[in-house]
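Have a look at this one before I ask anything.
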Amino acid sequence: MRVVAFSDAVFAITITLLVLEIRRPADDTNLLHGLLALWPSYLAYAVTFLFIGQVWANHHVMFDHIRAADRVVLLLNILLLMVVAFLPFATSVLAGALHTGDWQRTAVVFYCIAFDVTALTFNAVWQYACRQRLLSDALDSAGATAIGRRFQLALAWLAIAALLGAALPVLGLAGIVAFNAFYWLPIRGESPARRLKGDAG
Amino acid sequence: MRVVAFSDAVFAITITLLVLEIRRPADDTNLLHGLLALWPSYLAYAVTFLFIGQVWANHHVMFDHIRAADRVVLLLNILLLMVVAFLPFATSVLAGALHTGDWQRTAVVFYCIAFDVTALTFNAVWQYACRQRLLSDALDSAGATAIGRRFQLALAWLAIAALLGAALPVLGLAGIVAFNAFYWLPIRGESPARRLKGDAG
Amino acid sequence: MRVVAFSDAVFAITITLLVLEIRRPADDTNLLHGLLALWPSYLAYAVTFLFIGQVWANHHVMFDHIRAADRVVLLLNILLLMVVAFLPFATSVLAGALHTGDWQRTAVVFYCIAFDVTALTFNAVWQYACRQRLLSDALDSAGATAIGRRFQLALAWLAIAALLGAALPVLGLAGIVAFNAFYWLPIRGESPARRLKGDAG
Amino acid sequence: MRVVAFSDAVFAITITLLVLEIRRPADDTNLLHGLLALWPSYLAYAVTFLFIGQVWANHHVMFDHIRAADRVVLLLNILLLMVVAFLPFATSVLAGALHTGDWQRTAVVFYCIAFDVTALTFNAVWQYACRQRLLSDALDSAGATAIGRRFQLALAWLAIAALLGAALPVLGLAGIVAFNAFYWLPIRGESPARRLKGDAG
């Protein structure tokens, strides 16, 4: 499926480009101190990596249920990819501010907003597909609503993280970390193993 | 299909590399001001991203109708990819000129020409495939002409944008933005949803 | 298969980004001397390239035997990819230290630890899949144990390389080079050719 | 087919990373002059792009005829990819020397050798596959010899280009340009169009 394969490639490239934002310490510094001083870069790298991993997984969940795509779906999906491919820049801004200690509030809010706009584009694709009846017949109305709720929760959660970050930067970051934990960790009784072989997607 | 998969990968990588041209503000500037001052980079990023998204979609339209490729098709397609993969450089030139305010005319014309050469390589692939009768039998002569007209329109549109940009830079940019809008927005009655599942491409 | 295709893309991108760490000599130096002086970069490039090539091959061996993935497998696999995508940074640190001659001990240990954490994530995926009975029925208990032993050997080998590197940097590097040789070179009677055509993976 | 898909990804990424070596002119120079002064970068970009395009096409020709891969084939193929992924660095060295006018002999020879080592790894894969009888039954002995000759010709051609470049840099470059022309341009009666649809590769 073209749209999903193309999107997957963009996710994979974005996630791998994140490391380019981490620069090795200058030659004249103590290397061990220099490597330890890069903790903001490592933290930002890990948080964004896990977030894009979620984006990838949820993008599949979403397109598993969309049976047909018109031009608006393609456009909304390109906007989604445009926001995701922008995340390495937001990550670099966050790491820089945590490193110097200056402008952390601005950097954290910017970072949270970038994540929240990603959630916004997810909601746009899903709401449009629901209204235009582009969903698979195998998904009933309750199922569509459940997925939509999940995406709305992400939108609200990340908006709150941005607001918390505006009050106290560390709270915004904690909100993002909690977001990653909540969406990645398995919930008891919810996570059936999916067969890998013969998976057409 | 090898040629299309390889081309898709180049499109996906190019589109994702665009963000590398955006550098975070220097540590000693006000971060909010610095982020706002990067608006030329954001604008150039978005315009090129949407344009390459169109290139990707139209490349599929084109190769959906080409049933066989000889060595000339492969060569013309490689030239097409060479121009597309060059676009991040043109984008960087544009963003730099908009940022400093110097040499905007040169930068806009250079940017428009890069886009127009992309359209030129599209036309070259299509015209060659038409003349060598490499098109699918499912496409009748009227259909082939319609697609050719669409590609010729792009060629003319982007050439005019370059000329307008030479007169007044902002007009050239407006021409490109209008181009993106025209090719992305759905036209009433024209945009049937395509099934995603079982799509072999 | 989505998980494997996505992982393959991350491996391919990571392996190709390694070259970006090699910068051409400054314009005012003798170019031949400059190119020769970059031997630490070439060495680090080749060693990491071959290592990631092994990671790619072994990732396929592993997922050939995992019949189903739950959310924990996806999470552990994302952690594996996060460590692999980090390797260009560790490679850059190693090349820098070998180039200047300073802090080589720190750089070699850092590099070996990065490799060893990769092995750790492999073991985590495999042990989890074994315990949750997510393995293919075609793999008997002895086969699963043999693969697990192979991964444990890598974990121990790379840990020892880190310890050796802490004692004498060149020993740590020799440990990594020997690791690449051991896992890449064919063992007599062990290496049947696998058919390429019709290979579903 | 895993090996080919992975190799394709490395080719596509390498070809697209080439543009990162082209840096926009400094803000304080006349932009038009600055863009024109980058002609060595454009030339090196185009030559390497077309060369890697050939590598991609020939890699498919080669693996179309290899029916099975053992561990040595995988290792030789990884070495081939390692050399290809290194080409952006050689391209950067060439562009830098052409730009400053210094050390052109060294740069051209280095560039030609990098191309020739690529041809060497091609020959290594093919010779090994021939000797180990890993070729498809559909290819008779004469066909295998013809492909081997073609690869040997590339090896000799690029070695001669390196020697010519050592005598006079422009001759070495001319040798590479002629190489691209010879392998890309269709030969009369030789180039049947290949069907794209239903192509399993």
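Each chain carries a letter (A, B, C and D) given by its place in the written order, and its residues are counted from 1.
Note that a contact is a pair of C-beta atoms (placed from the backbone, for glycine too) under 8 Å apart; a residue touches a chain by one contact, two chains touch by 3 or more.
In this text the structure is predicted, and so the values were computed from the model without any measurement.
*Asks:* Call it same or different for chain A and chain B: same when shared residue numbers make up over half of all numbers used at their interface.
*Replies:* Because under half of the interface numbers appear in both copies, chain B and chain A meet with different residues.
*Asks:* Any idea what the CA-fit rotation angle from chain B to chain D is, to the nearest 5 degrees?
*Replies:* Nearest-5 rotation angle for the superposition: 90 degrees.
*Asks:* Of the other chains, whose C-alpha centre is the longest way from the centre of chain B?
*Replies:* Most remote chain from chain B, centroid-wise, comes out as C.
*Asks:* Can you check how far apart chain A and chain C are, centre to centre, with Cα atoms defining each centre and the answer in Å?
*Replies:* Each chain's C-alpha centroid was found; their separation is 26 Å.
*Asks:* Suppose each chain is reduced to the average of its Cα coordinates; what separation in Å results between chain B and chain C?
*Replies:* 37
*Asks:* Could you list the positions in chain C whose residues touch two or more of the other chains?
*Replies:* Correct list: 9, 13, 17, 20.
*Asks:* Which two-chain combinations qualify as touching?
*Replies:* Touching chain pairs, listed by label, are A-B, A-C, B-D, C-D.
*Asks:* Which positions of chain A touch chain C when the two form their complex?
*Replies:* Chain A reaches chain C through residues 8-9, 11-13, 15-20, 22, 24-25, 27, 30-32, 35, 45-46, 49-50, 53, 56-57, 60, 184-186, 191-197, 199, 201.
*Asks:* Quick check: in the complex, which residue numbers of chain A touch chain B?
*Replies:* 1-6, 9-10, 13-14, 17, 20, 63, 66-75, 78, 81-82, 85-86, 88-89, 92-93, 96-97, 100, 102-103, 106-107, 110, 132, 134, 136, 200
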